[in-house]
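In what follows, chain A forms one complex with chain B and a second complex with chain C.
This part shows the complex of A and B:
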């Protein structure tokens, strides 16, 4: 067995990421040039911590996009001769090196790590977005009206929050539950919220302009209905959205776990903002309650919500890793980071580096999101 | 104050009933029952045999009456029979909870003081160099879940340095046994508590009474120790108590990672082996722990902060 040296490994790794470096340079220089007209995002360039976070997050987004070019091998390809080889082992057939070594089935760890970013970067932001829409749609009226609605909604949210997350996953993300209608019912319930949200959003503002409103509502229903049929019933007429049954399970469970926390944040901010003068002015103008909530309160709550969204994507990434770590839900060959950790951790006494690529990838990505959130918080407080 | 506690207790009991019912329903779903029937008898049972076994064992009665019966039994201390360990559930669970309790004790004893010291040091001079570097440390620690730090520590201490073992035996209380799991769990929690403490400390340092203390010529030390500290620790107290639901996930990960046979390990075993009675009792224990800590945090908060007692 032939190996390449330490410096050659890192040299090759850095050169493999060339599309990422190139686009990173382009994005950063363009954003830096226009930083004065980019509001909060532009001001991020003033904070070192925020910049480090932004670069890390962009790095992983771009890696996910260019995964096919960055990866050396197919993430599922097994090299029987190279099982559990340390970093730098050279595959005799192609002459290319397995940069971070091979796992217990002889798959290239570097390529799996690169492809694993895709799963996380699709599910985590999407689930966070859904959780935010659910939390906002329920949290705004709870905070705005208070009283009975608030009590009931808060009780329900506390109910979910008191549920130990790990237990919930063990009960909800099992193969058995796929035979029941529960995942579909959960998804059906949660995914109706975006349609409701955007419908009410446009209706509350443009109700007096029926022509414009009709176009907007038709768009919402078309796009919403398309996504809904694809996500919930897995019957996308265009065939673009295709979810594995268990991915729907994971997705719905992650939204379920995250939305009560978002609800609490939105409710708290709404209770604070509704005492402001501009809300009183809108009330005096006789605006409809949903207009005040969605077009007066929500835009003014965006700062803390953006910061929390960053943190929440990181938190969701950790949750997805936990699922993979317990071997819940995902297909065994799936190259996501959590499953990789789960499969390789038994061999760290033999090959210490075997579990490091997915572990460090996950930690660095979450660290990037947390640093970005901190930078955004710092900059948004400067107003 | 008594009325406040009674009302909280009422909400807690309602929450507990709702949550345990949800767990009961999910555990007793059709696929799980079928699997149980096949495991308990033989795997080549016919559909009719499964049905008649379920009927005979009483699994076909209405779920509400079965739930009432289960909760009645649990109240008298009868938690049923574990199919995985072939022993009564109470006998399986009691020592495991003890093992996990020992682990948690050491985690709390390392995590809480570290986090409070980091938070207070960072928050007492907001924006200083100390603050910035400690904040980055805190952020880094919240970005390191247990399965990441656990693996990094095992690689570092067990594989490369060879000083600690990568597994922990339940029951043995010594440094070699506990160092890795305790460190792993403490790291993830420390950052969060430290950031909360920092925010609370920074807020207190701008308060009027601190300015008064400074103007009357007290040393910085006295301002921090005698005036700021006590007020700044109210918010972190709640945060520390509310860590429990989430520490539970940490316990499960760490116990699986280091093969420490405590409560979390039992929960995973029960869930993986479709051990219905054991899983139900595990859920009951975790829900009760979570709700009790919430109650303690509410009461403690009201006790520490007289301002909220008015409402």
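This part shows the complex of A and C:
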């Protein structure tokens, strides 16, 4: 068996990432050039911590996008000869090296790690976004009206938060539950929120201009309906959006456990902002409650919400890793980071580096998100 | 000659931020002699607080003393070690800040906080510290000091908290007391008590004081000498009398002309605002900082080189930072655009009759049980306002004036009584049930300029949205055009439409607030302390603007305020409120001259007036305003009334006084006999 040396491994790794470096350079230099007109994002360039976080997060986003070019092999391809080989082992057939070694089934760890970013980077931000929309849609009225609405909503949120998350996932992905209509009903319930949210958003603002409003509502219904049919019924007429029943399950569950926390943050901020004079000014000119919540209060809550979104994507990434580790809801061969750690951990004694690629990838990505959140918080406080 | 307690020479302080060095104080000198009170006056951002923090060497990690020296009792503070500084801070130099709640530790009983001072600085025993703390509590005239030692700060009122802070500052018998706007957060009648206390304690202990304030009247009442600051520099310094009577700097003169002193009149002697606004620290002009706003500016003289302090020519130790101090005719009267025709009020537009507003506050909100208490925010409010008239509603915090405004605007509904706008009853209609016409015909100008505009939307868009709500203009373009006209109306450049609120100064934001209120051609505008949060030099401009627009549109204005000087200047009629009751109302002339309601009398006496010629009757009320949750029986003012013993029996404590109508429709709610009312003397007299 032939190997390549340490420096050659890293040299090849760095050169494999060439599309990532190239687009990173383009994005950063363009953003740096226009940083003065980019508000909060532009001001990130003044914070070292924020910059490090941004680069890490962008790195993984770009890796997910260019995964097919960055990866050396197919993530599912098994090399019978190369099982559990340490980093740098060369595949005799193609002459290419398995940069980070191979796992128990002889699959290239480097390529699996690169492809694993896709799963995380699709599910985590999307689920966080949905959780935010759900949390905002119920958090705003709870904070704005207070009283009974608030008591009921807060009670429900506490109920969800009190339930152990992992247990909840075990329940949701067990075949017995998976075959019932419960997951689809849950997804159906949560995914209706974005359509409601954007519908109310435009309606409250543009009700006085029916022409414009009609166009907006038609757009919301078309896009929303398309996404809804694709996500919930797996019946996308265009065939672009397709979710495995398992993935849908994970997706809906992540939204389910995240939205109560978002709800509480939004509720707290709303209670603070609703006492401001500009809210009173909006009330005295006869604005309806949803306009005030969505157009007067929400924009001013964006600072803490953006920071929380970054952190929450990080938590969700860890949660997805945990799910993968327990093998919950994902296909056994799926190259996600959590499953990879689980499948390799038994062989750490034989090949000490075998579990490192997915572990470090996960840790670095979450670290990047946390640093980015810190940088954003620091910069948003400076205003 | 005695040694000065504090001697600051050519002090410069800069803050170092990412954008570079920002000079906050430049070339500042002043001397405080033993037992003397030095007033430091200036607008926000002029560096007056930075001077005080510089003396304390408490400039955070970004601020640095870049030049000059601060000598305290002959010892140099700028180069003193942290260890020596700690010995001086709190024991020889003490400081009182603006917010009493922020100065006290909320988790510690006030007694313990007071006792810490002698224990830390003089190593006294706990018993001795307790005795001294108790003695000091009595000196600052706190009622029931023993019980109060055991309370937490949040259990005390704002005035009591500030007394505790002052007691704490004085406990170690400091040689120098720094007071940074110590009364700004308090109500006027409470402020008068604190000012009285500070003056008395100052002379009693012989403490020197550096008194920082934006209020010239307060400086006149408390200080011996004054230093006026503008944009980081001292521009004029001298004894209080010299500076107030013979000011020798255009900025000082501008300040005095822009505050309503007795004798100002909105028709014949209107206020003269200082044009422009304070330059940002990194955009200061060359030469004189005040140059671009100065009427006496002379190119080639005022805009080159550094301008130094020079002898003002009158008075002793009177200096001015003005190149042309010898050339300007300082006694020339201000130029006016001519006398404005007085407005004749029209028909009655707004009638409030027997209005009551009670709130029910549940004792235990979580489970809804327990007994609920009633807060009587408004009791029997009856008054009216005519077209083009300005009616001032005067009162301190908790008097119910904001609740009244909320009912007028429909944010709350009345518990009892009626409010009629024209022929329409609006007191019981919530804003959601009012039609667009009613909504746009009664609008509001809010108090806090930093809160009145939504920070997330462009200024123009916010006005356009208002127009959209009021159904003005048929197309977006028409509204855009109308919005630009409104900007012209409030004298702001049209480019401002695209700006975000954070790019505007306080005065400019308040102008946008005015534009928004007048967008729908309102019949009534409620102005809730529209200028009280603005800098003095900007206040006059916004006040004049508001009155101009009102005059032109013949709008009725309800001007809510606690500042009687502004009220006397702006209002045609005055309504004085105390604890939800109207205690006095009448024309401005009637209310400001005897007979007074005892509360009005005290309020008038409490307002600091920046005029050395004014002689005031000295009335200081005891205690604080009672809580509306637990109002006193009988007359609401009986707990603090200075004339209570002139009423036979305890009728003040049992019966609510009837509203009596005196000559000219002047109404007073008081039990005092007619002959006592008749014998009342004017509180404020021009000497």
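Here is the rule we use: the second predicted complex is superposed on the first by the 383 of 383 C-alpha atoms of A that agree within 3 Å, B and C clash if a C-alpha of one lies under 4 Å from a C-alpha of the other, contacts with A are read in each partner's own complex, and residues count from 1 in each chain.
By our rule, contacts are C-beta pairs under 8 Å (C-beta built on N, C-alpha and C of every residue); 3 or more make two chains touch, one makes a residue touch a chain.
Computed from a prediction, not measured in an experiment: that's the story for all the values here.
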{"item": "Touching partner for A:167 - first (chain B), second (chain C), both, neither", "value": "first"}
{"item": "Partner chain(s) touched by A:284 [first = chain B, second = chain C, both, neither]", "value": "second"}
{"item": "Partner chain in contact with A:299 - chain B first, chain C second, else both or neither", "value": "second"}
{"item": "If touched residues of chain A are counted for chain B and for chain C, the larger one", "value": "B"}
{"item": "Which superposed partner A:46 touches (first chain B, second chain C, both, neither)", "value": "second"}
{"item": "Partner chain(s) touched by A:276 [first = chain B, second = chain C, both, neither]", "value": "second"}
{"item": "Partner chain(s) touched by A:359 [first = chain B, second = chain C, both, neither]", "value": "first"}
{"item": "Partner chain(s) touched by A:179 [first = chain B, second = chain C, both, neither]", "value": "first"}
{"item": "Chain C-facing residues of chain A, complex", "value": "46, 208-209, 276-278, 280-288, 295-296, 299-300, 302, 383"}
{"item": "Residue ranges of chain A in contact with chain B within the complex", "value": "49, 155, 158-159, 161-167, 170-172, 176-177, 179-180, 182, 314, 318, 321-322, 325-326, 338, 341, 345, 348-349, 352-353, 355-356, 359-360, 362-363, 366-367, 369-371, 374"}
{"item": "Residue ranges of chain C in contact with chain A within the complex", "value": "18, 409-411, 431-432, 434, 436, 439-440, 443-444, 446-448, 451-457, 465-466, 468-471, 476, 502, 513, 516"}
{"item": "Chain B to chain A touching residues, read off their complex", "value": "11, 14-15, 18-19, 22-23, 26-27, 29-32, 35, 135-136, 139-140, 142-145, 147-148, 151-152, 154-155, 158-160, 166, 245-246, 248-249, 252-253, 256-257, 267-268, 271, 279, 282-283, 286-287, 290-291, 294"}
